[in-house]
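Each of the next two complexes has chain A plus one more chain, namely chain B in the first and chain C in the second.
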Partner chain A sequence: MTDTDTSPLNATRKPASPERGDAHRWLFYLVPVAALAVPFLFNDYLQYVANLMLVYVLVAVGFNIVLGNLGQLAFANTAFFGMGAYATGLLMAKLAVPFWIAIWAGGLAGALAGFLASAAALRGIRMYYLAIMTLAFGELMRWTYIHAEAVTEGSSGLGVPTATVFGIPLDTEAARFYVFLAIVTLVVKATANLLRSRVGRAFQAIKDNELATAALGIPTSRYVILAFVWSGAVVGIAGGMFAIALGRVVPESFNLLELIMHFAMVMVGGVGSLAGSVLGGVVITAAPELFRSYPGMQELFLAVLIAFVLLFMPRGLASLLARVSPLFRERFYRE
Partner chain B sequence: MIAQLVLSGLSQGAIYALVALAMTVLYRATTVVNFGHGDMVMAGAFAVYVMVLYLGLPYIAAAFIALALMFALGMAVDRGLVKPARHGPHIALAMMSIAVGYFLRGVARSLWGREVLPMPRVFDIPPIFLGDLVITGDAIVILGAVTVLVAAFFLVFYRTNVGKLIQAVYQTERGAALIGVNVARFHAVMWGVAAAMGAIGGILIAPVTLLYPDMGANLLIHSFAAMTLGGFGSLGGAIVGGLLLGISEQLLGAYVSTALIDVTAYIVIIAVLVIRPVGLFGRQAVVKV
Partner chain C sequence: MTVKSLLIAAAASLALAVPSALADDTTGLTKDTIKVGVPGPFTGDASSYSKAEIGLDAFYRHINDEGGIHGRKIEVIKADTACNEARGIAAAKKLIHQDEVFMIHGNSCSGVALAMKPTIEEAGVPWMIAHAVADKLSTPVVKTIFHGVPTSRDAGTFMAKYAMSRPDTKRIAIVAHSNEWAQSYRRPLVESLDEDHGIEPVLDMTMERGSTDATPQILKIRQADVDFVMAILYEAETAIFLRDAQKYGLDVTILGGYGTDLENTLKRVGDKDAVKNYQVLHMFQNVLGEGDLKTWGDVIHKYYPDEKLTAFSFAGIGSAIAMAKALEAAGPDLTREKLVAELDKIRDLDTGVLASDVTFTPEDHAGAKDSGVAAFDENGDIVIYRSWGQPF
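Here is the complex of A and B:
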């Protein structure tokens, strides 16, 4: 990017105040640092739930890129999630690939799924058509996991061996938590940077008016592919973590109910808001665990929560935070 | 052999057509795709089940009460949940319909857990034998009901003032409001009609598919496939799409592999959208800028 670059995405915009930017950065690192204390405070079961929260934070952050930032009604998220989980799980179980390589391979598999999904969006398939097609893609993948028994071991599920990082086995919930926390912090930070760059602004422009964006000379299709690929990679990494957290990959983890959960995370947290995705991932993961022993309560709770958010705070929990303190306002977050 | 397969495909496809028709009617009238419609079908069937088995009502009475209840539910959903969210992004409406479906499923699950219940039949018609061909009573009832419903809807859509109203609101809500159409009431009534059609679907379908809280998801995907195949938003397309989907499921299942029965719907959706996104009878979609 040079000064002679006249692309409208490079229009310099002064930050509102430099202190606020600093405070933002400070706040960003405060959350994972505070989270370091979690294993000392909780018992094993709560620790397991906390690990799942980290997985779903990435799921929501990845989904939000396509849904909120790019503004495409694409529901292939369970496909990204499942591809990531199976790629990581298979590499570790069948080829004994070390965890820290397999997890990025999961991201790569998710990115590939994202690339496939972007092909639909690029063919001019939009709105409900895109929603239905991506929905079908996710279900088709689930069918593949069930029926490709020679590879995936079908509906009984694929056992994933204990992960090892630099010779240290991740055999406790706490050990997994720290590794997950590091991965999530890294990926969320990278996503935040991407969304703040010209790329993020291009996403926003495409969401607002694709035709006008193209007319400004911005290669929209390239950015659409990039958004899907990045979203797929983030969710794919989450899938890899999911395989490790559960120690088993089962096709039923990637069904329509799961998809609705992902969707609810983004909607409840705040469409298009990064902080909102993090919040949504945490809240929606925690809530069903409370109702585990009451059949039907999970669904009822989610339904009421979603309806409440849609009616009374359409911009999600993130808008609630922003109202509490301007520190939580995101510069590139608009509805 | 092939005639029998086509026949069972037709009766299976009629189920998809019935659900897809209800979704299409709502889509045409309000531009909302009801992702919770599968669960409305489930709720209608459970309402009848409760009234017949727990309250001991006669079947026909139960069916009519269920229709009225679902109509009221549909109107309540529109008035209480959809209308207030109407001015937000369109995605919020889709999400709201998901929440409604989820709520219904939650109610059913809290009462029946993961049970699969047999649903009694309305009309117990003995099967008809035509040479080698066996036509089951269920097939006769469902195909007959679908034919009647389709005829009724086509008459309403293309031969009455109500139909013109529906098309007017679909084209421009503002314009319809300007010429004196009460758009808000119209939307509420259409939600009621769609939910009541869900109840009809449930009553006819549940004896074949059995009754369980999760039955909606499967129906939803299949009716999406039917709508996509026929052309999203086309009434005739929903019917033809549903029937073709049912037939191709049976044929693929018999001649290629039974595992393919579950996946035909997804393949159909993806193939249609890649090859001909507007479906068989769809017109080029109008993009609102």
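Here is the complex of A and C:
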């Protein structure tokens, strides 16, 4: 890694004005603070949906790192998600590991899966070839969950015990919501910081022109690995939360259809946008719920929504935010 | 708002969020209505199974037109699970906490039903499972959960019994999906072959959902010279398996689980010769268009004129008849406890639809044990068998 002052990654960006910086900070925390009211306002069902939204916010944030920020057409997201879910679930169910350790272990497992997935990218495999290889990796992982029956309990799935935090059982949707909200806030903040750092700029440089980036002396391989590992870790943590939310981990949850939904979250939210990932995770999770009581309408609405966004907002819902406020453009959204 | 006040608010919310005690046991009842939640896969690649829930809805509309139960009309609230675990839990929670139903009746897709089970069990809402077959849904017994169709354990055991009722059966191959639905048939099937009949399958293979080619499985089966194939596959994959079996001249009996029905399989394959060796578990006394299936088929068409009937259309009717009987017996002062108590009293109920009588006891909520097997006879007519060569 080139750490000299001449590295293009060390080039300073024009700082935002102090006023705007404060506004950014408040804006970032405004959403989770406002979200604290959710359990007061919503019933158990809507709280559960809110919990799923938080899970899928991280799923989209993680996916977007490789897809949007690094610009790699890699589809191992269900592998990361499943590894996180199974690691968390197995540690809690089989070894009685406390939730707070198990959830981060889920992140580690996802990071490991990310590291494995990066191997293909490091061999210079790109575009459709990388897409199909990572797809195969995801399916291989699902096959493993099914057939490693002695460990994973196979197709019948693994029951996950109730998580406990400081002796308080997370046996209600509200309790899970607060813990999930804290985790998501922490992970999104850390990811935002990473993407604003020289590492994030390296991701962007690789996305823009990998050869030129390497020619500048930037060790692209390391950054590619880092992007996959961070993406895997974020999605792995989401997997752990998913296991807790459902109380069960089954291989069917990590199939190709699930991957398509993850992809839709990134596309609808905005490729390469952190705010877009958050929006995509929330909207794609919430949209089908609006039509749950109208059989057959869920898929139709989802399809129309995706088509509408892609046709009229090709940069996703985040572009809408960027239009509304320059704060989002500067902080969360890159043209 | 200060950080301290936020923390206090959060703590207070945690305290308030303790599960609202088991809802009042008359939740979902008015003097005129009974709210019934009907979850099912109305969208997604398993949406053909939602015919079971359509049948249920038609049954309850028919009950309403007949005057309801003790003057109460059934208000069906459908909820789409898309055959997806996370969405299934959301559907259950919506029915329980938002729609506040009195009871739940339905659900296809075993894996999804298993995921929904803790939510429904915790809420204490009576649940009649109308189509999903995983035996873990009703065993061990949960006071409020009843199984209105044969479980996969009973079905898998029956498959072994049926295959071995043919005198010359010695070599059996299994082809199954890797999901819980198929494996919950396969496990008891293998156990029963071993424990009750002293044989092991010569082949035990997987064919994944979404497969478009069964050539490897067919060629292996041919090579192994088997004389009975258990194909525990969903509809689309069964059609592919049968198509390739015909293509490669595989001439052995193929027995399917409850994932298909004979008429629909014939329609999908489009060639009677390709399905001549196909037989399938059948949970009904009759075939489509005959007996009570004709009667209830007409009822379904009354409310859903364009509905295409398959065996799935009737999967919920037998349990609905049992449910109506229990609701009637519980009297006008209906409560959830009374309903559960009356369900527990049902003995040897001949629904006219299911091949098996329905019996619930407080110790056993898997109400229907027996199956039949539907097959084409030499004239091309469908016959229901109890065992090899023994018509129902």
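Definition applied: the second predicted complex is superposed on the first by the 318 of 335 C-alpha atoms of A that agree within 3 Å, B and C clash if a C-alpha of one lies under 4 Å from a C-alpha of the other, contacts with A are read in each partner's own complex, and residues count from 1 in each chain.
Keep this in mind: a residue touches a chain if its C-beta (ideal position, glycine included) is under 8 Å from a C-beta of that chain, and two chains touch if they have at least 3 such contacts.
Computed from a prediction, not measured in an experiment: that's the story for all the values here.
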{"item": "Fit-or-clash call for chain B and chain C when the two complexes are aligned on chain A", "value": "clash"}
{"item": "Contacts of A:Gln298 with chain B and chain C, given as first, second, both or neither", "value": "both"}
{"item": "Which of chain B and chain C A:Ala102 touches, first, second, both or neither", "value": "neither"}
{"item": "Touched partner set for A:Ile306, first chain B, second chain C, both or neither", "value": "first"}
{"item": "Partner chain in contact with A:Ala174 - chain B first, chain C second, else both or neither", "value": "second"}
{"item": "Which of chain B and chain C A:Tyr129 touches, first, second, both or neither", "value": "first"}
{"item": "Partner chain(s) touched by A:Ala192 [first = chain B, second = chain C, both, neither]", "value": "neither"}
{"item": "First, second, both or neither for A:Pro39, with chain B first and chain C second", "value": "second"}
{"item": "First (chain B), second (chain C), both or neither touched by A:Leu140", "value": "first"}
{"item": "On chain A, positions contacted by chain B and by chain C", "value": "143, 147, 256-257, 294-296, 298-299"}
{"item": "Chain C-facing residues of chain A, complex", "value": "33, 36-37, 39-40, 43-49, 52, 143, 146-147, 154-157, 168, 171-175, 178, 242, 245-248, 250-253, 256-257, 288-289, 291-296, 298-299"}
{"item": "Chain B-touching residues of chain A, taken from the complex the two chains share", "value": "67, 73, 120, 123-129, 131-133, 135-137, 139-140, 143, 147, 211, 255-257, 260, 263, 267, 271, 294-304, 306-307, 310-311, 314, 335"}
{"item": "Footprint of chain A on chain B - complex, ascending", "value": "33, 81, 84-85, 88-92, 94-96, 98-100, 102-103, 105-111, 113-114, 213, 217, 221, 224-225, 228, 232, 259, 262-263, 265-267, 269-270, 273-274, 277, 285, 287, 289"}
{"item": "Of all residues in chain C, those that touch chain A in their complex", "value": "6, 9-10, 13-14, 16-20, 40, 42-45, 47, 50, 77-80, 82, 84-87, 89-91, 93-94, 96-99, 111, 114-115, 118, 134, 136, 178-180, 182-184, 210"}
